[in-house]
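We just call them A, B, C and D in the order they show up, numbering each chain from 1.
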Amino acid sequence: MINTLGIVSYDDFVEIPGLTDTRPVPSISFMGRYRLIDFVLSNMTNSGISNIQIYLKNKPRSVIEHVGTGRHYNINSKSGKLRILTGEVNAQAEVYHHDVSAYMANMQYIEDAHQEYVVIAPSYMIYKFDFNEALLAHKENKADVTVLYKTVDNADTSFARIDTLTIDKPRRVVAIDKNQGKFKNRHISLSSYIMSKEVFIHLVYLAHETSSLYTLRDILKDQLPLMNVMAYPVKGYVASINTMPEYYKVSMELTDYEMAKELFNPQWPIHTRTNDSAPTQYATEADVSGSVIANHCQIAGTVKHSVIGRDVVIGKGAVIEDSVILANVEVAENAVLKHVVVDKFARIVHKNELVGTPDRIIYVKRKDVI
Amino acid sequence: MRQNNMVAMILAGGRGSRLYDLTNKVAKPAVYFGGKYRIIDFPLSNCANSGIDVVGVLTQYESVLLNSYVAKASLWGLDAKDSGIYVLPPREKIEGFGLYRGTADAITQNIDFIDYYDPETVLILSGDHIYKMDYSKMLDCHNDNKADATIAVLEVPLKEASRFGIMNTDATDRIVEFEEKPKQPKSNLASMGIYIFDWKKLRKALLDDVKNPDSNHDFGKDIIPGFLNGGLHLQAYRFKGYWKDVGTIDSLWESNMDLLYRSEELNLHDSAWKIYTEDVTVPAQFIGPKAHVSNAYINQGCVVNGTVKNSVLFTGVVVEEGAEVSDSVLMPYTVVKAGAKVQRILTDDHITIGVNQTVGQPDGEILLVAKNVKGD
Amino acid sequence: MINTLGIVSYDDFVEIPGLTDTRPVPSISFMGRYRLIDFVLSNMTNSGISNIQIYLKNKPRSVIEHVGTGRHYNINSKSGKLRILTGEVNAQAEVYHHDVSAYMANMQYIEDAHQEYVVIAPSYMIYKFDFNEALLAHKENKADVTVLYKTVDNADTSFARIDTLTIDKPRRVVAIDKNQGKFKNRHISLSSYIMSKEVFIHLVYLAHETSSLYTLRDILKDQLPLMNVMAYPVKGYVASINTMPEYYKVSMELTDYEMAKELFNPQWPIHTRTNDSAPTQYATEADVSGSVIANHCQIAGTVKHSVIGRDVVIGKGAVIEDSVILANVEVAENAVLKHVVVDKFARIVHKNELVGTPDRIIYVKRKDVI
Amino acid sequence: MRQNNMVAMILAGGRGSRLYDLTNKVAKPAVYFGGKYRIIDFPLSNCANSGIDVVGVLTQYESVLLNSYVAKASLWGLDAKDSGIYVLPPREKIEGFGLYRGTADAITQNIDFIDYYDPETVLILSGDHIYKMDYSKMLDCHNDNKADATIAVLEVPLKEASRFGIMNTDATDRIVEFEEKPKQPKSNLASMGIYIFDWKKLRKALLDDVKNPDSNHDFGKDIIPGFLNGGLHLQAYRFKGYWKDVGTIDSLWESNMDLLYRSEELNLHDSAWKIYTEDVTVPAQFIGPKAHVSNAYINQGCVVNGTVKNSVLFTGVVVEEGAEVSDSVLMPYTVVKAGAKVQRILTDDHITIGVNQTVGQPDGEILLVAKNVKGD
């Protein structure tokens, strides 16, 4: 698959109030030690893609530092390339900042890539997949565009506002619509596309000429009757992290090792940047179960059915249940947290109880002291 | 441009035969420690954190894994342009081939390597000690005293001093006498085997030593006494903090347990002095619904659904439902199957303890488990 | 000098029409193989600084790729850090984007640095200097701020609009003014400052509170009567690349090896990113003199008193004199270029003669085909 | 996840004694070539560009410089997480210590290293050939033919074929016979010493070979004939392009000259297949006001103010005013002082030719200058 350029697309579609206030979507912490972008990048490099472009709207610092030169994703820094590209910086209205305007602003780097094919995938879709599989099908089908999808039976409660596909035989995409949560069974689009670089550039120009608000998805929807757009099914675990409820729900369900095994397969490693953190220390008083715990924590309290990020300190007598705690958080002795998402560097030191409900998750902001 | 004009040389040739099966396949400095580290991570991380850029690692015995490991200089950030970790096994030269005959000989055979970097001072380290130390402060001490050599020393209980090389010093901590394992120790300052030498002076001493047929070519036995006899200025540098030579199964087990019981001394959670190591591509640890974990040190990649107490679990260890692990050190990818009970054991990596087996005793020597234990 | 944080300051002050259209100031090519930022970064890392922050307004791509993780500047990626930081991204007026607003937006990263001192230096000032020297003087003088300067006798023709210092005995700065080119002899400020982190943060907050248009230089000027601001002289070659005439003039004068030797001292290497370029090939017909030539060129024409960037192809019979050619330019056979600055990837293929004068340099844009 | 399931092993143990003084201090693969490169940059860059991630370098003779050089894996981008360049000198094992006894023995002694990566195929390379080759295409050929081993071959003039190992093939380029330096060559397909082996098959052959007291433990003499005799499928892979073994001063000089006279064959300006090497921190080249430069290959860091023609100048070479350099290869930091004239010479690095000296002859053998020449 070395003849393919990887594009990590703009995530302007995602809004997770709080989490996305201080960081771009690719940098959102996930399952203790990862950032969302680790999944799409690992899928790409594990598939043999060594030329990758990451498109960002703003706040590039955390992504620059996390992905570095790509060496921890196994990109050869001489024969491969990992590029971080931003859209136009002119002070236009927010609405003009989208994937197509970013591709237009960086068209020279797309044109200069000597690869024949392009894989475009967002960072908020979590799955594991060998793109070679779909590329082979793409060629065999003589498709113009191949869209990855997953058939699910929980579209009424999950994948809100994600595209759904209507698929004709033999797997031709005939319609793309937003999931409104009305039906259980749907073909969920992974917003991940395979096409030749030529078709990609053609679509970008076409979108740009059609309207300055048009995205790649919009032009693709228009082109369905004219192009051979095929769907390709992805097996295994698929999740979309595009709202806070989804972020919370997915985090909770992946504390189940049997489910997580689908995603974390030693044959398909999910690469990430190391923080050189020590192992986690459990005190004599600790009581931990049903949880995913990152390294470098010091735990003296009770943790049940939760995800705990790196370098979290949990005092004696503290109780954390059904919660997601991001890195570098301090939870004082005897504090009680239930159904809470705590952002990085927050400190729960004064208030003793923070109790939400499954439908009303409490979010504690980055660096907050409560 | 290097941050300081000092090259570090790590003596990592040890066979470590008292570690038995653990060193059948790897040299002692590559033995695992502390849930995710290898012993040699400690001197290498100390070098990185002390601003040292060039490190030579002198290997001898069965070193393919050790060589491959330390060659990944980026793990310790030592891959910057003018930095590097250089593996230096014995090599064939025009004058023939010889193994390293002693600690000093290992340096003598690599004089050309050190000369290439033309340093003012050379730091000699051992590859098999566990400690955190800022060598730049030791260098300051060396320079402030205008010493020809500086030796790091540790205060040990006087009754144990006869097990060590002991430095007798004057009021300014200048060394006046060195005694190897004295029966009647005059001081409690034990050599840690960490030396800073003025390179010109050391170079001359090494070239003299190599010609001496009676020499053991050893720093402690030959070079240091030679410096003292020659009237050179040897300074003691007092180190305070955790330091351990993990030469036996018992001491390896004990130093791992120190992470649980003496964590204020050997604190690996200090972000200002991190110990760097290879990061394995595994998810965070899964502590299952049936798990009970207390007083434990557990690394990422573990899957625990049984009971773990007073134990250190390395990367990828699995403790199945109903299994019990206590007072044990489980090396990477050890699997304790359902219902098995282990106590006071130390495993080699990739060991499986079978279903419902009981291994280990409540007291006595620590049991090294180097072969799989079949289950029911 | 490891107890010092390095800050490469915002270059909003520099305007080189053309060169800065498509790249930030730190990325401007210089003397064949360098980018401007190489000089300030090498000064910092050669001085032992291993924690460095680079402030950028926009278009970070070229800087991200050029500086990478800083390993080619000898920064240990574990115990050291190289950060690229951008200012606020809100679509405010351009005038609010300046150094102080960028420092305010990233104050947490400044506060988090555990170093006691700060060196602030811009990328458009070209000099070689060991900051330890000035830090020692700073401490001995018990200065609040130390400003680097160079006493010159060509302030009437060079250093336009750069700050000049009025210095009292013993080297106390009593006034800061813009160089208007009226006088030959002036103390030119290198816009490079040494101060404790505490004073730096104090000045940033003070500037921010004083006016939303205030820069660090502005507040420093205000504080001269109140603080102990000392000047420290820099020996050797100093240049300021803040206008096109300066860029051209400095490039020309550094083709003289005797002058360049002051800047390129093997004991104080100027680090840069390698492009893995081959040596330069001179054809039998080549005639080259008085020039600085980067690698990977293929030269079959005449080159006199010029600076030629990497991967430039110069055809037979072509004549290049008194010109600066940036990387990846093609000059066709028999073309004649005099007093020209040609930006990257331009191709001189159709027009045979481009002749400017020393006072009217012709600039050829990036990717132009002429 | 590796891009392909192949580990490369580079045989870099050559003493290279026909290069005389150039290999006194460095092994032959570390000898300079082409203005800025070392010979071993070619196979290493080929590996990087072919998508190979793991490279073992088998060194033997006086290899501290070579070891240190190839250890900087980042030079070839081979420092990604699961990539690496691993220096593999002979080592002490429980069963003792032995030098590599032949090309095959060098691999045999490192079976454990290769097993660790568990590759499908192993690529065997030589560290002292100059060429650009995409090994992934050779691997495609190997896989398409379901071969047990594939050997890269070059068409040579039939009259020269008796100097090479010659492959006789059938119509599908399957090898039916191998003849080492045949007096009456039946084909002009010469082995380039580049092999792809199915690892399982090679592993077995190596373990058989090590027990054979009559074996030379050599790929060409023992392993390849053994594969043929065993009826295994050996495929020839035809390579077209520049390839040179630079074993003598004359051939080293000549291959450098090929950059001037055969640059369409050995094109180092092709951005799609760059040769990576250590980048020296020096400014761009200064061609002074008195310089005359034509038909030359000059690297950054040179300062030329004299006349240079038909020559290759490595990093940091200085040619002073009035000096003349023709038909010569000047290794790094050679200084040709004012008024000196050199012709048809090849220098060692850091050589100074003194003021007004004349060195070299208009014809005859190329002169190796390995010592400074004093000036007026």
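Note that a contact is a pair of C-beta atoms (placed from the backbone, for glycine too) under 8 Å apart; a residue touches a chain by one contact, two chains touch by 3 or more.
Predicted model only: the values in this text are computed from it and were never measured.
Peer 1: Name whichever of A-B and A-D has more C-beta pairs touching across its two chains.
Peer 2: If we tally the contacting C-beta pairs, A-B comes out ahead.
Peer 1: Report the chain whose CA-based centre is farthest from the CA-based centre of chain A.
Peer 2: With centres defined by C-alpha atoms, farthest from chain A sits D.
Peer 1: Between chain C and chain D, tell me the centre distance in angstrom, where each centre is the average of that chain's C-alpha atoms.
Peer 2: Centre-to-centre distance between chain C and chain D: 40 Å.
Peer 1: In whole angstrom, how far does the Cα centroid of chain A sit from the Cα centroid of chain D?
Peer 2: About 45 Å separates the centre of chain A from that of chain D.
Peer 1: Of all residues in chain B, which are in touch with two or more distinct other chains?
Peer 2: 74, 79, 81, 274, 276, 281
Peer 1: Which chain A residues touch at least two other chains?
Peer 2: Chain A, residues with two or more chain partners: 71-72, 78, 269, 271, 276.
Peer 1: Which residues of chain A touch chain C in their complex?
Peer 2: For chain A paired with chain C, touching residues are 58-61, 64-65, 68-69, 78, 83-86, 89, 91-94, 108, 276, 367.
Peer 1: Applying the document's contact rule, which stretches of chain A touch chain B when the two form their complex?
Peer 2: 31-34, 71-72, 255, 257, 260, 264, 266, 269-272, 274, 276, 278-296, 298, 303, 305, 311
Peer 1: Flag every residue of chain D that touches chain A in the complex, lowest number first.
Peer 2: 1-3, 45, 48-49, 51, 53, 74, 76-83, 272, 274, 276
Peer 1: Which residues of chain D touch chain C in their complex?
Peer 2: Listed in rising order, the residues of chain D that touch chain C are 34-36, 74, 259-260, 263, 268-269, 271, 274-277, 279, 281-300, 303, 305, 312-313.
Peer 1: Residue numbers of chain D touching chain B in their complex, please.
Peer 2: Of all residues in chain D, those touching chain B are 24, 60-64, 67-68, 71-74, 79, 81, 84-89, 91-94, 97, 99, 110, 112-113, 281.
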